[in-house]
């Protein structure tokens, strides 16, 4: 090979390097049809910049939105709009933000047949993602977290499907569906009551459907599953006590887990601050599992 | 400029990039004389790889060792020997590990004139570092953390010298010098008793010297200083209750702070897991302060 | 009626008064045969002094002993040997101290057919007492408490038989059969392990038999039953954390209950101090129920 | 002595017995002038029925009212109007209910010269009581408790004057003057703010006058004094967290104390339920001190 050819090769490398730096990671808006709900929802998928440049299989972080929200929230509502993209790049992970509807609670409703978000995420979304992208198609390469209703969702799905995820997190999680435990005013409580009525067919929190679907009551299963878990909440959040309660139960029954209290309330500033810690937590797990892309 | 010259320039860039990747960060073993103790101790200083390549001023993390240990511990005792160096590189910070002696508690002893580690760190070490390296010579560019006795030390020094540090942390901190609060066996308690006797001239924990020098009793000052603070401890650590106590006091008096409980005990595995979270925490503060090196 | 006759009547009253003051309350040692265990155990029964002087029906306090003990402990082990008798007199209650064997846990063992103390107390003892004495033969006149294993027993029996008791208490209760939660040394833990092996056929605390028989896991049923409950423990007791845990769960799920922490450890001094508070608590319930003897 | 004479003596005894049963305990409304405030306030004094029948010296319970209230509250506001009188009779104690004004906080105000209730109670009331009645004129015969502001007052006075009282209690105590810790609505908070402004010359809770006068910050002194202390609060009380905080601090620093959480809120039903437990607690202390009247 001539020197000029060598130089050319080097230059290609240099330019591709520069290119990668100037181009942001890719955000796909993916149709993910649901057979069980007979409806197609979208998911946002952030591919790290490196994805297009190699043939590696990438671990996937499923990142759930909160009540009242939709799949795109994590991209549009954080003060720093590059947050999710930068984390995807920094840690070389695919970040999937699926739809959970404004009050779907990531469960299959025993009452509302149009609400089957547990099956949707656990089967349909994961399959679609694994079929569409070069993912680590295995539990050891999947992690899940979310905020508020999505924090509950991430813990709920990972606890009930321990074969699917390598680790789970919750930010400001509504870890008890018993909304009478929330420090909220009456108007807010009433709105939750109405929405639970529609979702579960009852707003009576003493009904078993509330108890058995609430993550706070799953401490024994969380222990048995033995997944790495990270939970945090702001001390001024109206959900702080339900988070403290799950933490205490996990301490009491001896379940290894990370638990953090931070300044702040139920805000996007809080979640922007929190997410990088979750990704660092997951990165350690994924690295131990040998599925990180270097 | 000819094309060949341009190529040459590009190549220089490429090679310098490759070089930087292959070379580890630099570790200096620096003599830091103490006038107040009339003795010279060493400090380990990790310079990030980028340090030699630009003219920027770098923020500094002071990283304190624990009881029974010495300045080099953080480089030699973590399972991953590259931990500190990699963090220095990843976040472009200088990491300084000063000497605190095996039972110095980072304070100026009212009894043992040879133990003046508060003055040593707060004045002599910082001056020496700022005179020796291209540091951000200002509070906004200095952060401090440590493990066990060093966790107490980091909180102690930052609380008493809020003009010196932008943020502080504690891992598995011995946040109360009142060792009767530790969950330890009698032999360990006796050894602490003996050592406190030598350090403070008393081992009677009801003496004011224990109370007023213990960080757990400084909740009001920590609040007034308003420094970002991150505290964590393993749930199986013999120091967990003293950490919980400071957390509760800071929650009660309304001091913003991060508090985390994680799996694990008083071990290097725990601290290896914890340190990256501290550095991420500090990085956010330093970025807000506008002193990070990109 | 002549004056002298009137005087005579008055005198009879006076003497009976004096008599009652000089005579202690009666302690019966009663045979209570068990059909289910095919064995006869004794119970101590303290009748208040007033019992012989009227025809009233008396409320009954069932007072359970702890592990390693027997029915007579409450009469022989308190520093003040008159404690139980004086309380019976002061509040006009019958106090029954039944046998629970040294490690019977007041349950029907699924493994050891000779251990059926749940049925024994809930059916056989209560029937025998109600057939033998002028008792209030109804839930509203029965209360139950105990110490340590007997504190668990009192809560266990009242929670599983809410039709039998008007209120329940626990002093220094071993409220979780999961002995790995106790702050005890290894020798003690080993002895508990051996005894649980014999009682339950397993010493593996992750087995469901431990979980489902432990009062700490019955917070929802305790809530549903809505019995007045009083729980206390000494802060230096090796069982303090299991007591705190049940308290926290009852606070969290909104179950009305009294919870007290006092100075002291797992000692008879503690229980002597505690019992009068329990009896005062029960007296209020019994008074509300209209079954006290004035 | 003739038989008839003997009978006569016996009859006198009988009648005095009957008389004592039909007569209620005495309630005095006593003028207690204050030199330091240049004003005379009234105190209610309940003498047990036995007081007039013997020459014994009686122990005294000082029972403080809450914010917005006055000296007579404990006699007029409990559902059972005989509560205090019956307790005086049952335990043979004098119960003194002094005036503390609607927002006097039982302290000597550094700002409002007309508010010197610390000196008033600690010196003037006690002297007047000891000069007026057959009291045990010594610390060992004096105990003190109260509700809400009076719970704080009882702890405040006993902690600052450990030479005066043998034991102290607090029911639903406002144990931190920092009213921002109370779970109250804004209107209530505003009214407290206004009143603290008038009492202390500031409503800024970060001022030292709030910190140093609040019992919650006196854990070390409470420990040093080593008085028997009983503290309780209802779980639905807006003051529950400040009570929990003092409890936690006393647990942490190893101060023996009784701490109880009960059902209920900031109501007279709660205090009616609570007071008998306090009197039982004090009775044990007084008995140990050898000053009870049998």
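The letters A, B, C and D name the chains in turn, as written, and every chain counts its residues from 1.
The definition used in the following text is that contacts are C-beta pairs under 8 Å (C-beta built on N, C-alpha and C of every residue); 3 or more make two chains touch, one makes a residue touch a chain.
Quick caveat, the model's predicted, so the values are computed rather than measured.
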For chain C and chain D, chains touching each: none
For chain C, the least number of touch steps when starting out from chain A: 1
Chain whose average C-alpha position is farthest from chain B's own: C
Same-residue or different-residue interface between chain A and chain B, half as cut-off: same
Chain centre separation in whole Å, for chain D relative to chain B (CA means): 50
Between chain C and chain B, distance of the C-alpha-averaged centres to the nearest whole Å: 55
Euclidean distance of C-alpha centroids - chain A vs chain B, Å: 33
Pairwise touch network: line, ring, star, complete, or other: ring
Which chain pairs touch, all of them: A-B, A-C, B-D, C-D
Complex interface listing, chain D residues touching chain C: 7, 10-11, 13-14, 232, 235, 247, 251, 256-263, 273, 276-277, 280, 284
Residues of chain D defined as touching chain B within the complex: 180-181, 211, 220, 241, 245, 248, 252, 254
